[in-house]
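Next come two complexes built around subunit A: one with subunit B, the other with subunit C.
Let's look at the complex of A and B:
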């Protein structure tokens, strides 16, 4: 019964947010374009033959960066910015009264945005294949399914981390600067700019213990068919979710106790 | 006479925005750590590229560091002035408060470009200068007057081009209302300014010198530092930046004609 109600709520939220997001098609298209940094990096790698030293062929590397682009497209999270704005404007108060954690609202927003973004990401991939026809490949169904799951898990990890940061809004007003700080290691260590295999040994020795390589490097390797440890990667992703979720619940319940409505 | 008035007004701008920004002292500290981490991250990325190669696009690691230094300075300037002010234009236009700006007995472009200041960007500028001084030492560049004037000229031109690019995109808000994401696209394009232009393939090089002159922004000043830049390149940069500044001014005045206030 509760599960059914929950389902209906989420479904309604998704529908509302999707129509909301469709309003901002141009915005989202531009946002999709702004994710093309992996392609610039690919250009540097192949144009200088840097990939020879890490034993990845041009074709595999271009597939890797294309997948990194895709994974990034579907794991972008901005909940902290929305939540900060809402909490500064006092919009959180009415949400708190509703019998639904406000983060479901943001969650639905993100999912709806991803659905809107999907065709644009496909168009960019289409152009990529026009310029690099030799890198076209079709992953098999199992791999495709697994990589969709791992991309979603990567999205969940980032969503949880950012929600934890967003909850800090209850204590300080500007939590987004903490998010910008956290974004730096995400950018450089996740594999968006360079595959983790190419990292020097002194970084590789500890990086697999952090959540970063599982955000982009692991799903992108999986989808592009590069070598990776599938079960290890998936279980690390799930482990991080299990670690982060109780932390989020804890900080949320502490924070709401602390909450003093602003602007009302 | 007029200049003195503008200086006086600018002093007031500085005073008010510094006062409001210093309210969030921890924020400034966090931003400092972010700037340092981001510099470490990009040097780390650069070191991956140079791991097994002595040269990237004809640049040695020590030389490529100069580009990083200049990029860091320019990024600091962007964060101090361009980002806080020009993102405000979007807000002004959406909420119709641009009316109040236009009514003031002061140039509107001056007002919206310099009203705010974000002090944490200063630290990034300083960081960039430290890196540059370090580069001057390791590359054994001898400082003389002509070197100093030339580098001053080219860096100022880069700042002008950068400003014009930001201002162009922010101005389009008058027609499209929400260009927040177009700024993200510009940001991601600017990212390639961290690397020597020659490390990209021919087509990208053409794109980034003709359509969006990012090539001019960091590569030419760095070449001046190394004494590699022929005179015509410096002249070209001066011409490009003048053209950009004048067009952005004209574009703003043209855009204002189409401005139809909101909600009034």
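Let's look at the complex of A and C:
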């Protein structure tokens, strides 16, 4: 019963947020285009034959970066910025006295935005294949499903990390500065600029203990068909979600006690 | 006997506030060493509110009215004391408590800016677990009460302030709350919109027996809606009681302008023992205490040749303005 009601709330939230996102379709198309860093990185890697050092063929590397682009498109999170603005301007106040955690709104906003982004990402992939016809491949259904799950788990990890940082607004007001600190390891260790396999062995062993390689590297490798430990990767993603969720709940409950409802 | 729906005991609230000296030196000093001080904005207040009551909170800017409302609805955590609203501790924000209350802030909005209000209404309906049929029924009823129709389908950003405020009200009331916290709900509205909003709130209170806690700087809101007012001054309650009594206390005398038939009558009246404010030819202004106004007027009309008389009620804003200056009205 509770699950049914919850689903109805989430479904309505999604529907409304999707309508809202459609109002911004041009902006979303531009966001999708702005996420083409992996293609620049592909260019740098192939032009300098860097892939030879890690024993990945040109084709597999181009597939990896295309998948990294796709994973990034469907796991990008900005909740800390939205929450910070809403919190500083007092917009979060009406949501706090509704029987639904305000983070569900942001969650639905992100999902709706991903749905809106999907066709634009497909168009970009289409053009990618025109210029790189040798990279065309069709992943098998099981791998595709596991990749979708893994990308969603990656989104959940990033959403939880940013939500925890967002809750620091209750103490610091400028939590986005802390998020910027996290952006650096996310950029370098997630696999967005280079597959994690290209790092020295001793660095890699440390990187795999952090959540970062499970954000892009693991789902991108999975989807592109590169060799990867599927069960290990998925388990680590789930483990990070299990670690981050109670932390978020705790920090949320402590933070709301500190809320001063400024700006309202 | 009507039950208390709100019970506040020895409530206090403090905020930590950082201060900075002006200029570059102050900025550098502030960067290295933050100076914070604890400001007690609500100081040990207690009051009760009965079910169905409409209570106005009066006070100057920064007196603590909005902070009280925010604590009553569970938005902020009290530093000391206890609050019970409808049997719940507001800050715990239990689902059943949240389904019973609403908070409307005149300067804040919850409607989705780029979508028509109807989308926000259905969203709120699902948040409050109303099915589509019930939601439709309530939207119809409330929109009729608020006299909005086509506006429901126009993006919020294209609505006027008055239309937006009505839509905000509808969004905030779709779950038919028993307790309404209204923080300056008529802020920025034109006179007609203000009047319509007041009419709506009166009707809502009458039909649902909802309890309404209201802050407003527009005295008309207070005088037309609230029988009881709570005056807040520097975080303390300086008056809690009937509005009429407060007005009597703050303005115990009325000024009466009497136009006599002749100047001789005016002189006779001047010397008859009334407190005279001024006299110009045959026109004389006297001050009479509210309690003796009927008997005094009878005496004047029976004993003097009067052409006309005018009772000057001091403007309500002027009287209430004294609330912001005077300390304690019970003493």
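One rule holds in what follows: the second predicted complex is superposed on the first by the 264 of 264 C-alpha atoms of A that agree within 3 Å, B and C clash if a C-alpha of one lies under 4 Å from a C-alpha of the other, contacts with A are read in each partner's own complex, and residues count from 1 in each chain.
Rule of thumb we're sticking to: a residue touches a chain if its C-beta (ideal position, glycine included) is under 8 Å from a C-beta of that chain, and two chains touch if they have at least 3 such contacts.
Since this is a predicted model, take the numbers as computed values, not measurements.
Of the two partner chains placed by the overlay, neither subunit B nor subunit C lies in contact with A:229.
When the two complexes are overlaid on their common chain A, residue A:35 makes contact with subunit B while staying clear of subunit C.
After superposition on the shared chain, subunit A has more residues touched by B, the comparison being subunit B against subunit C. Of the two partner chains placed around the shared chain by superposition, subunit C is the only one that A:13 touches, whereas subunit B remains out of contact.
In the superposed model, A:94 makes contact with subunit C only, not with subunit B.
Judged by the touch definition given at the top, the superposed model places A:55 against neither subunit B nor subunit C. Of the two partner chains placed by the overlay, only subunit C lies in contact with A:257; subunit B stays clear of it. Within subunit A, the residues touched by subunit B in the first complex and by subunit C in the second are 24. The residues of subunit C lying in touch with subunit A in their complex are 15, 70, 73-77, 91, 93, 95, 98-99, 101-103, 105, 107-110, 112, 114-115, 119-120, 122-124, 126-129, 172.
Contact residues of subunit B toward subunit A in the complex are 24, 26-27, 30-31, 33-34, 37-38, 41-42, 44-45, 47-49, 51-53, 56-57, 176, 178, 180-182, 184-185, 187-188, 191-192, 195, 199-201, 204.
Across the complex, subunit B is touched by residues 24, 26-28, 30-31, 33-37, 40, 43-44, 47-50, 52-53, 172-174, 177-178, 180-181, 184-185, 187-188, 193-194, 198-200, 203 of subunit A.
Taken in their complex, subunit A has these residues touching subunit C: 5, 8-9, 11-13, 16, 19-20, 23-24, 90-91, 93-100, 256-261, 264.
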